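Following this line, the structures themselves.
Shared between the two complexes below is chain A, which has chain B as its partner in the first and chain C in the second.
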Partner chain A sequence: MKRLVLARRENPTRGGQPLAFLVGLVFALVIGALLLWSSGDPVIDTYQRMWERSFGSRDVISATLNRAVPLALAGLAVSIAAKMGLWNIGAEGQILFGATAAAGMARIGDSWPGPVLITAMLIAAAIGGALWALGPALARSEIGVSEIITTLMLNEVALRVIRYLQSGPWKDPDGFGNLQVTPLPDQAALGNIWERAHLGVLIALAVIAFFAWFMTRSVWGYELRIAGSSAKAATYIGISMRTKVLGVLLLSGAVAGFAGGIELTGTASRLNENISNGFGFAGIIVAALALMRPSGVLVVAVAFGGLQVGGQSIQLLGVSSAVSAILQALILFGAIGAGVLSAYQIRLVDRKVA
Partner chain B sequence: MIFGGITITEASVIGLIVASLQFATLLYLAALGETIAERAGVLNLGVEGMMAMGAMAGYVGGVASGSPWIGFLVGGLAGALLASVHAVAAVALGADQVVSGLALTILGLGLANFLGDSYTSDTRRSLFKDVDIPGLSDIPWVGETIFSASPITYVAAALGVLTWFVLSRTSIGLGLRAVGESASTADSAGHGVAAIRMTAVVIGGAMAGFSGAFLTLDTVGAWSEGITVGRGWIAVALVIFGAWRPGRVGLGALLFGFTLALERRLQPFGIEFSPILLSMLPYILTVGVLVVISYRARNQPSPTPAGLGIAYRREER
Partner chain C sequence: MRRRLLLVVAAVLAFSLVATACGDDGGSTGGASDDVTAAWVYIGQPGDAGWTFAHDQGRQAAADATGATTLTVENIAEGSPEFEQAVRDFIAEGADIIFATSFGYMDDMEKLAAEFPDVVFDHATGFKSNDTNFTNYFGRVYQPRYLSGMIAGASTTTDTIGYVAAFPIPEVIRGINAFTLGAQVTNPDVTVQVNWTSTWFDPAVEGDAASALLEAGADVIAMHQDSTAAGEAAEAAGARWVSYNSDMSAFAPSAYLTSAVWDWGPYYTSVIEEVGAGTWDATPYWGGMDDGIVKLGSIASDVDAALVTQVNDVGDQMTAGTFDPFTGPINDQDGTERVAAGVSMDDGSMLGMDWFVDGVDGSAGG
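Up next, the complex of A and B:
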């Protein structure tokens, strides 16, 4: 008697993750096609249009890059915390509060020249994001409260901070009774550098390149990796786990908040509660697919940016734009399955006869 | 009656209690399911997605069959089916529970919006009829609120008692809790860790689906995109607020349900306080409770299941 068993490989397949991502993508497209087909939507037309409207021309590629910016920065924020084995589920809220802080800065400096104002707004956004992570960071480093739920809860609070500001304190006096905040001054918009792509694309690239260096080559990043892999080893060589935990969560929050600032100055005319649009949650999927590596985050963020931009275009075909979210989630589940298969192998073994 | 500028009428107070019970029912069903999954050691952050699936499928099932009860069951089934994705990914394949759960929320919201696209309706009618308990529903105040509620409110209360009984008084519950505290010890003792965890996740999904179905079939009486408006996250919070115990989670559901109901009634009551600030309360309270639990855990046993969030692979034991 023979039977199939899953056996863990001695050495996991090299280069497995790009492959797992591709397997996930194929898996998602196949299941997505089945879903479309079963509800009577045109499969080929839908996919073709999604492709054309995300990577098919210079114009749409620039829109895809814009969308990739918050996804990549949120993914980076999540990866930074993950280096210490911490989960920042609060990127969504930090993006929102970062954008809120940037909008607050724009209210203070509404007469400042553009470059000065935008710089001040982006700094405010990073500080705002770090502040939003401060509570969970302190709770984790000082008392040991799991950061997963605390960061998650603050997402909902950040959303309501914006609603509150819309409802009164920052309410637009010229909004005809609409609940919206006063628009940003004109000079607070990031300029375009290529087609529709705004300067934030370059800024995000620079930030990611910096952290790719910082996390692997700097002393701080080196200590971080030691602390992340073994708390005992870190304590033994004199690295304070408390300050590392605190620092890494604040840094993660700052990067997410910065994403909110870029999104505000790059794409929005005023602060609103959709400024994050699920980027914080998608960023977690992006980071997981990229195995928390900055270079991988970049690639996956562009792919997800394309899916999101392409997904909005299929509504004109009468197909629900929810297809995009379904595909993003299915890529992850497909990649999880593929990742397990690359770590395991299916072997035929003799069955013991009892 | 007017107390210091606050206007109170009998009808408004009864309305407040009725709405509180509705919200509490919604939150309790989902939180009870999450309690079961977490007591087995599996964090499922997919509640919001499972609730949306239950809301969509429950409504469609209820309208198609003409019976709210069949709709309610269909909603539970949809939640359970979606949860089985998390069960396979996070338990059988050992993927990270946080990532898998969040992807489940994205998947569930996407699927509900996609599949329910053609069922969006503006007409709102509750398919469930409130049950008047004979004799008791005639009592003033109490009768009009507690004893003439939606049948699902009584179902939720019964499920709460059942969950408490199974978890704390039966060998099945003991096995489930053992798996949640220490999977390797439970495995040595002969419990099927993967099977118990997967079952707990699927049951949790069914209850989140029930919760969603209650929302569309009873409270709102219609399906539309984004109808769950983040209630799933409150349910996740509630599990912690109630320290993973069905009874305390129930009390928490009443408190959080009351805050949600009060949100829309501050102005009618003449209370000068921003309803938006009030709506932050459940999340902030939950963070506070977590801090207190962790602070106390230095001297006394923590109510958090010790194995929560930790994947279990037998060969790495």
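Up next, the complex of A and C:
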């Protein structure tokens, strides 16, 4: 009897990863072409449109970069926790609560000058995100409750907090009774630096560069790597696993919350429940595709941002939103699948006889 | 590539015009309307019932009537960058009119209207506008709500009607109040119990909300929701149902009583024609049954013929402008008089309505 197993490659080919992604992409595009063809949509036009409306002009490139910002920061947040083998599935809620904290700061400082206010909002956003991760972090570090469930469940709670604020405490007095909060003051908007790309693009770049250094070159990052690969070894050399688990989840939450602050000041006119719009979950995919590396997160987020921006535009060719969503998912799936296959190989082995 | 696509679209449209021109007199008004490109941003997918379905039916009717090129995008989240991108995609494709069909698109509409002064921005359910190229549109759906309430009031034997409602905002509260006032015409003892769902479209939540109302004694369910789930719950319980947005009789045929429905076609047609002719101006629109933008849907065959006549009479009075549902005396839940006898409520008070009429069981605060 034979069976299939997934075994880690002993000597992965150098540069195999990008090549695998390329193969995965081509594979996905071919399957996608079949899908488009079977639903009666124009194949070449669809792909061409997708490219033109994501990377085809300065205007759309700047939109793609803006979209990449929350994706990159959410991906970074997930990858930070993953270094310790922890899964932060709650970036969505941390983004929302970070944005909520930033909006709260804007209510306090609505007469402050723009740079001061925005700085205060972004700090509040990071603290808010960390606060939203605090419960799951403590539950994990102190009594070992799985962070996967707790972080996930808090996403819905963050949404309800915004709904509550919309319905009463922060309700827009000029909103004719509709459920919306008061708009942000004008000076709370991040300015544009190039075409439609806002300052958040540069800020995100700086944050990622910092973490690329911090995770690999700092003592804290070094200890984290040890703790992530062997709890025993870490404990032996005096690293407290409890503080590391707590710290890394709070840091992950802070980065996600910061993403919420950037998204609020960069793209929104007021706090709303779609500030995160799936970025927190997409961050998990970004982190996985980037193999949990900050530099990888950057590249993947830009590609993913383009996929989202361009993927939406093909609806104008008559492609249904469902087919557009499947097409985007196929491309991600192809890339992830290829990533797995470059690190692992499928082997046919003899089934053990019991 | 784009040119070729436009040619194909134009050819298809030309063909469909020839096909429809034989059947009815609605055909193209000729002139500039068929040069217009109109684009719709949808919050959901058209599917085969509900809010987005009704808008898409209107779009198709307008396309057939004017020959305009129409574009759509679906599933665009409110307050997300998706909306701005959708509008820019439309404008890159040559759109002359943007119809945005959900409230939360308002801030982005305002911003983009300022950036693209040559494009008409028309926003459903919103309240913002400028004097040049940005306005809003909606319909007085409380009118058919009132009529559907008359039928529901006569149908309940427990004197309890359940109302599955989305969010406590004036639009929804106005509908509940009009429905209740209508129900009281045919059943002075009726109570309308409100169950808030905090969702516009979530079949599981809406079905559960309807079931809870049915268990609490309601035998008729009304709703301000986008799915048919409340109707299916009523059908399963052997109760009756008043649907909303579009005629949903096919989804719960024995429960279905009637519905308050939208017919956006005439409005979309007139905007496209006015833009084509260069006569469009940015006046906010809030039309009623007289314009045909809102109407009572089909009425179940087992509803008493005398009642149907009574309902149609009241409907005719509303169409003629001789009767308004919010005519006093109207008291709120606390017994305070809100509208004096013989007085009709003004539009401003209706648009900000945040209180329930006497007879509603529930909190207008959510």
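The definition used in the following text is that the second predicted complex is superposed on the first by the 317 of 354 C-alpha atoms of A that agree within 3 Å, B and C clash if a C-alpha of one lies under 4 Å from a C-alpha of the other, contacts with A are read in each partner's own complex, and residues count from 1 in each chain.
Everything below uses one rule, namely that contacts are C-beta pairs under 8 Å (C-beta built on N, C-alpha and C of every residue); 3 or more make two chains touch, one makes a residue touch a chain.
Please read all numbers here as calculations on a predicted model, not as lab measurements.
In the superposition on chain A, A:Val340 contacts chain B only, with no contact to chain C. When both complexes are overlaid on chain A, the residue A:Ala268 reaches chain C alone and has no touch with chain B.
Looking at the shared chain after the overlay, A:Ala322 reaches both chain B and chain C. In the superposed model, A:Ser167 lies in contact with both chain B and chain C.
When both complexes are overlaid on chain A, the residue A:Ala33 reaches neither chain B nor chain C. Of the two partner chains, chain C is the only one that A:Val309 touches; chain B does not reach it.
Of the two partner chains, chain C is the only one touched by A:Asp45; chain B is not. Contacts of A:Ser146 after superposition: chain B is touched, whereas chain C is not reached. Of the two partner chains placed around the shared chain by superposition, chain B is the only one that A:Ile284 touches, whereas chain C remains out of contact.
Touched by chain B in one complex and by chain C in the other are residues 163, 167, 320, 322, 325 of chain A. Interface residues of chain C, counted against chain A in their complex, comprise 1, 5, 45, 71-82, 84-86, 88-90, 92-93, 103-104, 107-108, 111, 127, 167-170, 173, 198, 351-354, 365-366.
Contacts from chain A toward chain C in the complex involve residues 45, 48, 53, 59, 63, 66-67, 163, 167, 176-180, 183, 267-270, 272-275, 277, 309, 312-313, 315-317, 320-322, 325. Chain B makes touch with chain A in their complex at residues 43, 45, 85, 89, 93-96, 98-100, 102-107, 109-115, 117, 230, 233-234, 236-237, 240, 274, 276-277, 279-280, 283-284, 286-287, 290-291, 294-295, 297, 309, 315. Interface of chain A with chain B (complex): residues 8, 35, 39, 87, 89, 135-136, 139, 143-146, 148-150, 152-157, 159-161, 163-164, 167-168, 278, 281-282, 284-285, 288, 320, 322-326, 328-330, 332-333, 336-337, 339-340.
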